[in-house]
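Both complexes below contain subunit A, partnered by subunit B and then by subunit C.
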Partner chain A sequence: MRAHDPASTTFTCWHCTAEVTGSLFCPGCKAIQAPVRDYYRFFGLERKLSLDTGDLQHRFYELSRQLHPDRFQRRSPQEQQCSLEASSVLNDGYRVLRNPIERAEYVLKQEGFDIGEQRGKDVPPELLEEVFELNMVLEEMRGGEESARPQLEQARTRFQDMRREIDDQLGELFRNYDESRDRAVLARIRGVLNRRRYIGNLLRDVEKELEPAASLPGRDG
Partner chain B sequence: MGTFQIDFGDQEKARVVGIDLGTTNSLVAYLDPAGHPEIIPDAGGRKIVPSVVAVAPSGEVLVGHAARDMLITHPERAVYSVKRLMGRGVVDIEEELKLFPFRIAAGSESVIRLQLGERVMTPPQASAEILRQLKRNAEAFLGEEVRQAVITVPAYFNDAQRQSTKDAGRIAGLEVLRLVNEPTAASLAYGLDKRKQGIVVVYDLGGGTFDISILRIKEGIFEVLATNGDTHLGGDDIDNLLLRVAIEDIESEWNEDISENGEAVQLLRRAVIRAKEELSYVPQTTIQLEYRGKRYDRELRRDLFERLITAIVDRTLPPCRQCIRDAGLSVGEIDEVVLVGGSTRIPLVRGAVEALFRAKPHAELNPEEVVALGAAVQAGILSGHVGDTLLLDVTPLSLGIEIMGGVVSKIIPRNSTIPASATETFTTAVDGQRHVLIHVVQGERELVRDCRSLARFDLQDIDPLPAGMARIEVRFLIDANGILNVTARDLRTGREQSVDIKPSYGLTDEQVEAMIRESFEKAEEDFRERQVREARVEADAILAAVEKAKQNDAYFELPDEERQAIDRAVNELLLVYHSDNHILIREHLERVNQATLHLAENMMNAAVRGVLKGTKI
Partner chain C sequence: MAYSQKVLDHYYNPRNVGALDKGSPDVGTGMVGAPECGDVMKLQVQVNRETGVIEDAKFKTFGCGSAIASSSLATEWLKGKTVDEALAIKNTDIVTELSLPPVKIHCSVLAEDAIKAAIADYKRKHEARQDAQAVEAR
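Showing the complex of A and B:
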């Protein structure tokens, strides 16, 4: 299949060579097209950080009905390939856009911000003392000292509260960015996301100690 | 010369059947003209084909009920529960080999080779025999050729297990249009009529596998939110446990260890399965075995049975809890629970499900048939007979690639709706490097050694460049069957990059091709054998007729040379009779015919004369 320039929205239909502008099907011959890789454009959405997830789900279902490989079983190999490609972009896009954190990271990346994993490992200065104490408690738990459990449970509640606060803060920043389109707001969002990721990692460590069995998914044989 | 047009009409209307290729039993279903899924019975009216394959001492391959009888008489020639061996290596199944009568042939590291009498079969070939039987049943019932199928697999099957199932279809001469996850198929069978909306849990405990899937059904879309399970947990485990207990019990009673005796073990296995099944309906039963004049009777009450199997049933609970968490739901948000698989008939299982989900589970449809029925619905969707229903399934396991230090970098998380994809860019580490090897794994753990190795992809013929200069974009795409496809592109040249795939488990494409050829050859061999047998039957008939004619007056009226010619022809036919050459047999059969032509004519005339004489006009 011919890949087209992701930056451009206009390309030629592989089937009838008509001009296609950013749509999933050729306006001339109705043939399915190679997908646009930009998730917002794919879903026909404005690039906003705050999204109505109900509307997103509705669009996802509608596009699934049009693009899913089940619908192209009796069509040409070329159309089947387009359907497979388009469905994967649709599903990947839905997975990213429906989750506010992944959505924000996606927009940051597209706007040229570096959001490497490594940033989640630097301890935010205001948490230094807390992390130091937590690590001691975690060590005790790992050493089999059940007396550390209540402390760990407290820590879990505290981190969960923190994460909720962060999510509220993010909601605020999302609305701010959608109105202002200010890159400075994106920079702040990146900082908050890093802090959130750090706290998420702490929570994961705590939960792993509190319920070791439950954090393991099923056996894959 | 006339022209002709290819008619694609038949192609479009071509029949697609739905197949449940189960651990214990297999079924085939189709959509009837009214659009309802129906199970297709065999010639004897039975819906279930036991998933047992055997090779008779004559070399004939038996499937289903006939093969199940062989399991008792020739346990070393039969294989059951072959699904548990699909997509696995010999180290994976060491534990079960202790209880199964399978003999493993040499060279079983990445694909198990089963020794069945003189034949060696891989699990996909054994499964192909079952599929071929179902195909034959469907063709006899529908009165038309069946070439395309939807086959169900456990939702928690990994890539190699799925690929093996697809290979089995190809070997059986079936185009597998889609692999559908069993619990999702079941939800289709349940949800179709009722136009359901809401959150549905499917709890599927079959013969060898356990799956849990949570779906949102809305506007005709069946969206799987999360799935979990254990591809090695099912009724088989309960049978094996009871079998172990009974073997020890018998040893203390008879002072004899029967565990090495295949026939006794298979008889006892049948007895414990019968006891297990009865305990779903009555509070107590007896495990009975009669063997070589000895008799074993052990009463088993349901409460003891339940205590014995609690640990097995409890193993289904952590995957359920994880699945609810992954779906982002709480128990209260679940609208319905559906039971699938024969093992859900066990009251203890039903109780455990009810307690966990705090809802009375549904089991209106036969839990053994519902998966095949759902497969037929999916077949209808693919062939365009079912319009506004669409299934959106997920990949059960995260897909990752090996990075430095044996660590896994996840690129497609579990429970992603499929088709799903990820794109990664790779480069070279050494000047002039021509290859890059990518190791792909499936699983949730952080280290490669704790995940399932899927395949190694070798990016070949990279232009020699200074280290780090090459840029190869690799696209990992999981298709609607849950099977990984990998393509690569050189970003500098835009050229398609060749990728050589070395699957860690299962068959290579070449091996599958060889097996398809072998199955054709086998079919040819079978065909030849039948031809020989038919020619001999005809020879028998003509030889008997000649013997009888020799008593007739007409024979004695023949000239000597004609009588000698007949004897010569008969002698030659008797000579070639035992050759394996049906053409030769038929040739000499024809010579006997020619030699007796005059005799037959004379006999006919005499008969006509006789009739005329006796007739009063």
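Showing the complex of A and C:
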């Protein structure tokens, strides 16, 4: 089966050789097509960081209905294969796009701001200092003593507040990027997402501390 | 996640945990982080300004067992080395010594980055002091 060139929006229907423009079914013969791998294009959405998740869910249900492999059981192997692949892209894409953090990571990766390719030097020293200090405070509170509980609960509230602030900040940056398409905004989003991840880890550590359970060596980093 | 014996040893008996005086002119501090897993690593060296030999090294790492073991091992290796010898330590040496699996290689990279950052910080201070002395001598 011919794979799509993700850069082009037009390709040829495998069945009737009509021109297909980024849709899942050929406009000529109605045959199912191999799916585009780009989640935004697959869902027929504009590439925006702020998404209406209700609309996304609606599209997901509609596409699930159209692409379900059961509907292609008595069709050709090629069509069955297309339906399987499309269903898989559908599910992966829905999982990524409905979550604002994963959605932003997806767009950042496409735009060359992949988290995995960063090195320590890309993280601002103030953030590292802050996270280090917060970790120190957290460690001091530990020790299994019940007396540390109120302090830990306070820390939890504090981290939750910080994460809420970060999420508000992200919402604003998302809107900003959607309007401006400015790469400098993406770089800022990268930074805020890094901070969110650190705060998320701290929060997870506090919560682990608050519910007594045997702990494994360190964190599963 | 199965840890090697050496990782577990460094995890349960970490060498050189602690802090050196960040404000001292003979101490270099390196603070690095890996946002994908949320690790933070602080590594410090105390250098003899006459000989350039690292006399003490301390670390504090918040992260997984492999990150802790990598930085613990790094401080062990740093002591007694000259600043330039220390810069020759490669993350692959740490991977080999600790038998780190591929998914934990970034922990050794973090340790190498921390060594480089600490030494860069020391060198910055050292050069600033030499400049100051040169000015005074005039």
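Here is the rule we go by: the second predicted complex is superposed on the first by the 183 of 221 C-alpha atoms of A that agree within 3 Å, B and C clash if a C-alpha of one lies under 4 Å from a C-alpha of the other, contacts with A are read in each partner's own complex, and residues count from 1 in each chain.
In the analysis below, a contact is a pair of C-beta atoms (placed from the backbone, for glycine too) under 8 Å apart; a residue touches a chain by one contact, two chains touch by 3 or more.
Remember, predicted model here, so these are calculated numbers, not experimental data.
In the overlay built on the shared chain, the residue A:R65 is in contact with subunit B alone; subunit C does not reach it.
Of the two partner chains placed by the overlay, only subunit B lies in contact with A:S88; subunit C stays clear of it.
Look at A:E129: by the touch rule set out above, it reaches subunit C but stays clear of subunit B.
Once the two complexes are overlaid on the shared chain, A:G200 sits against subunit C while remaining clear of subunit B.
Once the two complexes are overlaid on the shared chain, A:I115 sits against subunit C while remaining clear of subunit B.
Residues 216-221 of subunit A lie at the contact with subunit B in one complex and at the contact with subunit C in the other.
The residues of subunit A lying in touch with subunit B in their complex are 61, 64-65, 68-71, 73-74, 84-85, 87-89, 91-92, 94-95, 213-214, 216-221.
Those residues of subunit B that touch subunit A in the complex are listed here as 11-12, 88, 92, 156, 158, 161, 177-178, 218-219, 221, 223, 228-233, 318-319, 321-322, 381-384, 390-392, 396-397, 413-414, 416-422, 442-444, 452, 477-480.
Listing the residues of subunit C that touch subunit A in their complex gives 1, 3, 8, 11-12, 31-40, 42, 60, 62-68, 107, 109-110, 113-114, 117.
Every residue of subunit A that touches subunit C in the complex is listed here, in rising order: 115-116, 118-121, 123, 125, 127-129, 131-132, 135-136, 139, 193-194, 197-198, 200-202, 216-221.
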